[in-house]
């Protein structure tokens, strides 16, 4: 009886923890050699048109406060140490999202002498978002995929966000102009 | 027409140091000078308020070998100092050999040149005399000394390690 | 509501503790939502601050190298306790205060300052440069807004002729709203409150563009959560104080909610309207303008009372 | 603290720093809140593209160079394309030149609005940041409709452009320009009248005209100090010969002037885009160009949103360039930062940095492309490369 009720309480606490984690991912952004394209699009997700705060996502500055690391760029040798340090400074549990072709494979910079090329060689990545750069919608979709996998209780299996999000905004605009 | 006037006045200023010159484009003038004269050339340009320093470009001219692997022409480095005045561009070109790649720093004349100088020091291995700052600017901290990525002989860091190992094996 | 409850219950359940924390979280949500709406965004969902707090509590707490460990862990608790204790002297939600005595205004104000003090010490305790600069700024700012804020609250106190928050509340309820009688004091009090809570534009102690997250940069998990809660509690108390003093007091919960909401709207609008002030600009503003205006108003009130007594 | 024992410590801003969405390390030595020394360390985005480019031909390099910078990708491509076209002796058709200018001006609008938002954010004025970025989405939509991508437009190809505009799009752009003009008026008012904002910009970071000239400042930074440097006017290239722009100049040289100059440039861009859309002539948009570019050297200068962009391209007669040197505008403006920073408050630093509109990716590009004489070598995979090297030894 005693152990049962204990189990019950731990279950509830765990559920609550998980719920909180899903609903409050604080994100830190690190640029390790990106061309800015991805960084701008990440920043754009904060702005009125996309507004990720409605999902509880908050972009913060200190790695100590962060849950999710969004890294862009092909990991240059100079940024390597910092990237690892930022990752290590983050308290557990922590997740990593790689944004942009460069962080996936090196992109156009693959094979350059001062570039490692694949974020996964340096730190474990949970979600990849391809695109050069991915649209803000794709980035939000990637984060939501991470949250979904948390909801299911699994650490996200390597999930790659498809890059075929329809350009509904454009079509709307042009059609509206007719 | 102004451009041509600018170029002519520039040529006039620099006349006594010119070793050879050419005009590859209507708004450009390339001037070869000897490395010793660089400072006086730049000084006269600055004093006459002829344009501003756009950048310093480094070029690597690798050594040429004949079939028997004998060096016909030793490897050279070339530094190009681009000065622009509206549309007119004067390029001052200095050639130095690999063995003694020494050029006078022009930072005391043009303070902003330090960034360009650090760049060519790192990437080409120029030896800029009296340049105020030789700390690494662009390359990673872990970069090995004496390896200049923009020289033609450099291919890749991994290859560098392989060839080092091979040398030690020999 | 004069039940004789154990002081610990008063501190931990109502009016302090659980109740205040939850109200604080609601306030934070309202604040963020309003700012988001002013910035033409959708803004967070209603349970957002709650989720943030639970998540932070559940997270690993990293104690950085080179800090005084006990201090590092104790400071968030001290900060929160200070804020909660202050709540005991304030007639929350239209109920009477848990404790009250002549002079509790001063006590509660200084309990509120514990928060800033703890943040300052927390910043100085960690070895990061950002935290040290953040701590310096937090303390500098405290020294500058504290005096004008106190002067602004002193006005109503003198008008009411008492140092007891409860009595001031009754006085405010019976007389004309003091915002009309002492408009300058009201402005200083609201702006002072924003300075106290380090809300924009007075958020240079935690200016993320300059010094990451200020004094709290190195805090993670539980410590950060406690500081957050403490800040929210302070927000509740601060707003309540201003409502009591300047908006005609609070006699019942409905009045409390309506008046607080109104004041909140003003504070949020002010937050989103200005660029961040530099720390020296903040200090300058407070001492040159705030303190002077506060003093002027105080003199006017004293003179008015004196005049009134002569006429009588 | 006793006298003479003032503690100084270094506050690094970056490389991972919320103010700068891009890395770059500034070390400010601080005495209290006052900055006493400033140093810069770049290289966090140094990708050293050149080695991977050894086997890339001119067309591939075009796409690579676009990715030097995600904000001003079009100007990089334009500078490269103009240089290569000059080397090859090819002239792009007038319609193509006009479209290049159109894209460049749209990019300038997007870049300036982006910068304006970021600068407002540095100033702690998040509402303004949100508003500008909301309006920026209008330009992003135009660019996306025009080219299919929000960031790397790939408008240019060697010998012309690959996108065309039709009447419908042109009407849409005109309408949006009117909208943006109205919004910019509003921002202008904020920048010149809002007290808290002026407190952060007026009289801060003043760069005198002589200093700006000596330090080789370019772009809006130089123009805010009264230096007449604008390649679009000084040495008109591409479509700017046909569609001239006016140079925007301010004299004060402080942060406020830089804000004003950039906002005024926005007006100029709106006007120019409307003119182009009115006057653009029908015709081809691309001419043929040979894969092999004749031997030679060329200098190509264009005006990026941040200032003068300089390309030096050396060709050796093959399909691949021998050397490409890129000098980006931000690099020139670094000098001004280290010069101006001393004596200011730490709180002003983000604003100062933002004032020059730094672009770290640009600085660290070093896309120095050279070619070896073995074009057939496949260099993409490590194993193959090592095999290749050993084979050729």
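Every chain is named by a letter (A, B, C and D) in the order it is written, and numbering of its residues begins at 1.
The rule is simple: contacts are C-beta pairs under 8 Å (C-beta built on N, C-alpha and C of every residue); 3 or more make two chains touch, one makes a residue touch a chain.
All values reported here derive from a predicted model rather than from experimental measurement.
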Selected pair, greater C-beta contact count between A-D and C-D: A-D
Subunit A-subunit B separation of Cα centroids, rounded to whole Å: 43
Separation of mean Cα positions, subunit D and subunit A [Å, integer]: 27
Cα-centroid distance, subunit B relative to subunit C, in whole angstrom: 62
Multi-partner residues of subunit D (each touching 2 or more other chains): 17-18, 43, 46, 48, 50-51, 130-131, 134, 364, 385
Two or more partner chains touched - positions in subunit C: 39-41, 208, 212
Contacts with 2+ other chains: residues of subunit B: 139-140, 149, 154, 156
Chains touching one another, given as label pairs in label order: A-B, A-C, A-D, B-D, C-D
Contacting residues of subunit D [partner subunit C, same complex]: 9-13, 17-19, 30, 32-33, 120-128, 130-131, 134, 194, 196-197, 199-200, 345-350
Residues of subunit C touching subunit A in the complex: 32, 36, 39-45, 47-48, 50-55, 58-62, 208, 212-213, 216-221, 224
Complex contact set, residues of subunit A against subunit D: 29-44, 46-49, 59-61, 63, 73-74, 76, 78-79, 82, 86, 107-115, 132-133, 135, 167, 169-170, 173-174, 177-178
Subunit B residues touching subunit A - in the complex, by the definition given at the top: 139-143, 149, 154, 156-157
Contacting residues of subunit A [partner subunit B, same complex]: 76-78, 80, 111, 113-114
